[in-house]
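Each of the next two complexes has chain A plus one other chain: chain B in the first, chain C in the second.
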Partner chain A sequence: MLFKRHIPLLIVIGVGLLTLFGHFINNTLIQSFVDKDALQWFDIIASFAMFLGALNMLKLQVIKIIKKQKNWQYSILAVVGFAFAIFAGFFYRGANFITISGIQDENLSEVAIIIAEELNETNSFNIENKIMASHDGYEIDKLFITEGNAKLFMEKLTPYVAAAELKSKSWGAHVQTKGSLFYWMFINIITPLGATMFALLAFFVASASYRAFRIRNFEATLLLVAGIILMLGRVPIGGLIPWWAVSILIIFGIGAIVAPFIKERTILLGIVGGGIVIFIITGTLMGWNQNPPYLLSIPVIQDWIFAYPAMAGSRALMIGISLGIVATSFRIIIGLDKSFLGDK
Partner chain B sequence: MNIKAVIWSGLFLVLLGLYAMGEGSIFIEGARIKFAAIILVSITLYYYIDRARSGEEIYLRTIPGLKALEEAVGRATEMGKSVLFVPGISDMDQVETITGLNLLGHVAEHTAKYETSLNVPVSKSIVMEAGRDICKESYLKAGRPDLYSDDMVHYISDEQFAYAAGVNGIMEREKPAACFYLGKFYAESLMLAETGNSIGAIQIAGTGSPSQIPFFVTACDYTLIGEEFFTASAYLSKKPELVGSIKGQDIVKLLVMVFMVLTLVLNGFFQAGWIGFDILNLY
Partner chain C sequence: MEAIKRIFILLGSLDRRIIFLIVGLSVLIPLLKPEWVTLPIRITPESQVMFNEMNKLNEGDKLLLSFEYGPSTKPEIHPMSIAILKHMYAKNILVYGFALWPDGNFMSTEVFSDVSDDYGKKYGTDYVNLGFRPGAEAVVKGIAADIRALYTVDLHGTPINDIPMMKDVFNIEDFDFVFSLSAGYPGSTEWVQFACDPKNIPLSTGCTSIQATDILPYVKNGQIRGILAGMPGAAEYESLVEEELQKMDINIKPGKASGMMAAQSIAHVVIVLFIILGNITYYITRKQTGKDKI
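After this line comes the complex of A and B, so read on.
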């Protein structure tokens, strides 16, 4: 109980209070701990904890393959992908580059041309200048995934240089370096797969909108109308809708609101129809065809909806969420809520 | 007059006074209002927790999403299918994840009671370990430790869309009858909710991410909006100290509203030239 409950609880309470009030204490050490060190400690712990997750995933997938459970074929892909990533991260660097030195003046332009050809550059004079400016050997600005390809290129330079050395970027840095196997995997496999999943969102949004924008009640109708105005306001065609079309829409909207209070449909038709005719005639006489009013524009209405009612609702939600977070954090810091220890 | 209220108010003034005295030396300058706000909120919350502990009855309105928690597990039991619980894609440094795991404990108790299988795919290893502890405790509390297995809570991937793809795959293959999305979500929220909708599962969602709430409202049967999600653990456990903190939270919200109106009115007076004090300078 001491190690499972009391000590973790003391740590949470102590660090929680320190982080909360440390912000107000005029001490560099405490400020540094609160702003930087505590977060770095968390990142380190989370990084080590990743092994637990990876091993768990591997264990479950391998068991599925061995026991040939349902859909075990997908698990092969998972295990192969995992193994490939481990291989690219820990065993095979790639990111090979060549440094050359001891170039005679008469060979300089030839070497520059060969390098420019490899880098697909038209101007070899820049490369000549860089070679002349370098003192401890010139590092060619090209990374090779395989040593074989690097050596093939090195053979072209060997007759013209005194020394050509094949090196690799350091372990760790290689995962973010173009030319490494890991980087190739990230750019050519992981990024397109992530982009594909993200692109699916467009279809999911369309499907969700189709279900949400049905006129079931007043709120759903309001959602539909606001959604249409916002969508039109965001595309170029929204700005092309003329003032009289917007006026017709507004009068129809007013008509829809007052419709439940007017029993006689002919009176309602007269009010809406008459309203449209009077509005259009008045607007034409006032020269709105040449100089339409600012408010009878879909993008302007869209901006207003975004800036005022939508923003107000969003902020109200944020205030509620923030208070919820504050209350929950307070309960955890003073030790009332011990759910994270498995104790309800 | 409530003696405790007087004592707590006195404590608030004393702490504020101490801060003002030590400002510049022990305490940083220019953070007086922030400090006062934190102390005021803390004291308000603790005051109502204390009142709840003393036996005061506190009314909580019905939250449909939380009432439906047990019904959803029951539905899965009747259909002979599993329950899927997604605690979000963030780590334990987010309050939403902690709240989500708390709710996992309640769901796990129901699945233990009804002998329904529970599947909890997670995105972070620390969340996996915490989730396992919570599920184990819940199954023990329900008297069914034999039904618990560590593989119930399993790791998928740290990558957002890899995790979403993994969970979608679980939903398409296993077709759980009840799906819970309770935690911190980003763009993958709509993918999960739409896939759950397509398999005909009952879905209950809750998150503190305001941009994802509309997607959950559209696609899920029940959604815990905003602070409903954070009060869920207190609501379900019915512990007086937790329920008291909900009332304290509501009183703080009332104070925020009062300050907002006061600021609006006083700033209006200042703009009109009726007073020489600009309240916005305080902030």
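After this line comes the complex of A and C, so read on.
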């Protein structure tokens, strides 16, 4: 009980109070704890949490496969992907590169041409100049995932250079180096998969809005009109929509808003139709074709929606969330909320 | 009239695979043939403010560029990072890359290696990539307090004390500007709350379109100076940078975001047309059956 509940609770209360009051107390020791030590603790704990998270994920997926739970086949992919990432990160480096030295002047241009061919560069003079400028050996600007490929290329150079050495980027740094297996995995597997998942949204949004975005009531109409204006106003094509099209859209919007209050459909049709005709005649007479009014531009209306109603809603949400965070944090700090200990 | 109604009802019950095909084509065709649709790019006030703030930086100033996005949001945000680097390199600003997301490391590595050579910039003296540390807002707070407590080496494993441009950099107060390339949490909000607002360092952001409404209150308050919202924001900034660099006699190729605007525009129009069509069908069906069918 003492180690499982009381000590963790005391740590949370102590550190919580210290961090909170650290912002208000001008004491070097406390400031140093809040700004430096606490952050390093957090960093260490976060690193362990990542490790634990990975192990937990692996455990859950393996259990799913063993018990052949629903969609267990996908778990095989998850485990294989996990194993491959570990292999690429910790066991297979790749990122092999070649350094050459001791090149005779008569062989210089031949070596530069071979390297330029490998790098797909048309101008070998730049490479020649770089080789001449390098004193401790020239590092060829290409990384090979496999040693075999690097050695094949080295064989081409061997007749012309006194020494060619095969090296690899250091462990750790290899993860971020083009030419390592891990980097290859990220660019060729993770990137297209991530982009595909996000791109699919466009199709689902189109299909869902086609089926579900309906003028059912006042709120739905408001959402629909605002949504259409934002969608068109955010993209360049919105600026090309003429004033009369915007007028028609506005009158349809007004018609949809007042529709629930007018039972006679003929009157509603008359109001909408008449409104459109009056608007277009007025606009034409006032020369809006040459000089369209500012307010009948979709991007301007979109800017207004963005700057006022959308922002007001966003601020309200933000304030609500912040108050919730303050209340929850306070409950945790004073020990009222013990959910982090597994309590319900 | 009945025939028209039937057509609308038929259109209203389109198989979703046909909708997918039409949306796919509306995106694909402008991407493959951008010259078929050329659209003027309108600069929004928020993008203009962001550009002006970045453009105010002088030679030798230090920019903290934070990468908080990954492959899924790369099409929206990566063009911004490319345009920012071109802009900053042209003005000889020192760029310090950080990442709050693990994927951000790959994004930063790619953008630095793609752009730096074209401007003759050298690692360690003109730009540095410090990489990712776990901890979200704790990392932001750490950068605000003491970078060396969090980062002892850069992304390539070089001790940061051996990097020439890290010599006078200890915390966020040593930077002249912070730019957050953000696709979610942790991102721009954390930079405002834990670093830039308390330390009074100018901050600007480029984010996904979805995030824009969440970040806009900070922009209107002046806590974030301008914003590039999604791909349209990236296209606006690209065109501003292109114009600015032309003044400096530097010609650059049009950025990716500008080329993608036609695809996005047409896709939006197609979705709007689907919504209108769906509503007409809904109206006709409701009138015929006298109740909501859907």
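Operating definition for what follows: the second predicted complex is superposed on the first by the 251 of 344 C-alpha atoms of A that agree within 3 Å, B and C clash if a C-alpha of one lies under 4 Å from a C-alpha of the other, contacts with A are read in each partner's own complex, and residues count from 1 in each chain.
By definition in this document, a contact is a pair of C-beta atoms (placed from the backbone, for glycine too) under 8 Å apart; a residue touches a chain by one contact, two chains touch by 3 or more.
None of the values given here were measured: they were computed from a predicted structure.
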Touch test for A:V326: chain B only (first), chain C only (second), both, or neither? first
Tell me the contact category for A:L77 with respect to chain B and chain C: first, second, both or neither. neither
Which partner chains sit in contact with A:M197 here, chain B, chain C, both or neither? Use first/second/both/neither. both
Touched partner set for A:D303, first chain B, second chain C, both or neither: second
For A:I25, decide between first (touching chain B), second (touching chain C), both and neither. first
Of the two partner chains, chain B (first) and chain C (second), which one does A:L336 touch, if any: first, second, both, or neither? first
Touching partner for A:R214 - first (chain B), second (chain C), both, neither: second
Is A:M286 in contact with chain B, with chain C, with both, or with neither (first, second, both, neither)? neither
When the two structures are overlaid on chain A, which partner does A:L232 contact: first (chain B), second (chain C), both, or neither? second
Note: overlapping chain A surface for chain B and chain C spans 42, 46, 49-50, 190, 193-194, 197-198, 205, 207, 209, 211-212, 314, 318
Please output the residues of chain A touching chain B within their complex, sorted ascending. 20, 23-26, 42, 45-46, 49-54, 56-57, 60, 70-71, 74, 190, 193-194, 197-198, 200-201, 204-205, 207-209, 211-212, 314, 317-321, 323-332, 334, 336-337, 339-344
Complex contacts: residues of chain B adjacent to chain A: 19, 24-28, 31, 34-35, 38, 41-42, 45-46, 49, 91-93, 95-96, 98-99, 101-102, 105-106, 122, 124-126, 128-130, 133-134, 136-138, 141, 151, 154-162, 164-165, 169, 173, 187-188, 190-191, 193-194, 208, 210, 213, 215, 218-219, 225-227, 229-231, 233, 237, 241-242, 245-246, 248-249, 252-253, 256
Contact set on chain A toward chain C in their complex: 35-36, 39-40, 42-43, 46-47, 49-50, 170, 172-173, 175-178, 183, 186-187, 190-195, 197-198, 202-203, 205-207, 209-216, 224, 227-228, 231-232, 234-240, 299, 303, 306-307, 310-311, 313-315, 318
Quick one: in the complex, what on chain C touches chain A? 14, 16, 19-20, 23-24, 27, 39-42, 44-45, 70-75, 103, 105-106, 109, 113, 131, 133-135, 138-139, 141-142, 144-146, 149-150, 155-157, 209, 212-214, 216-217, 220, 229-230, 232, 235, 261-262, 264-272, 274-275, 277-279, 282-283, 292, 294
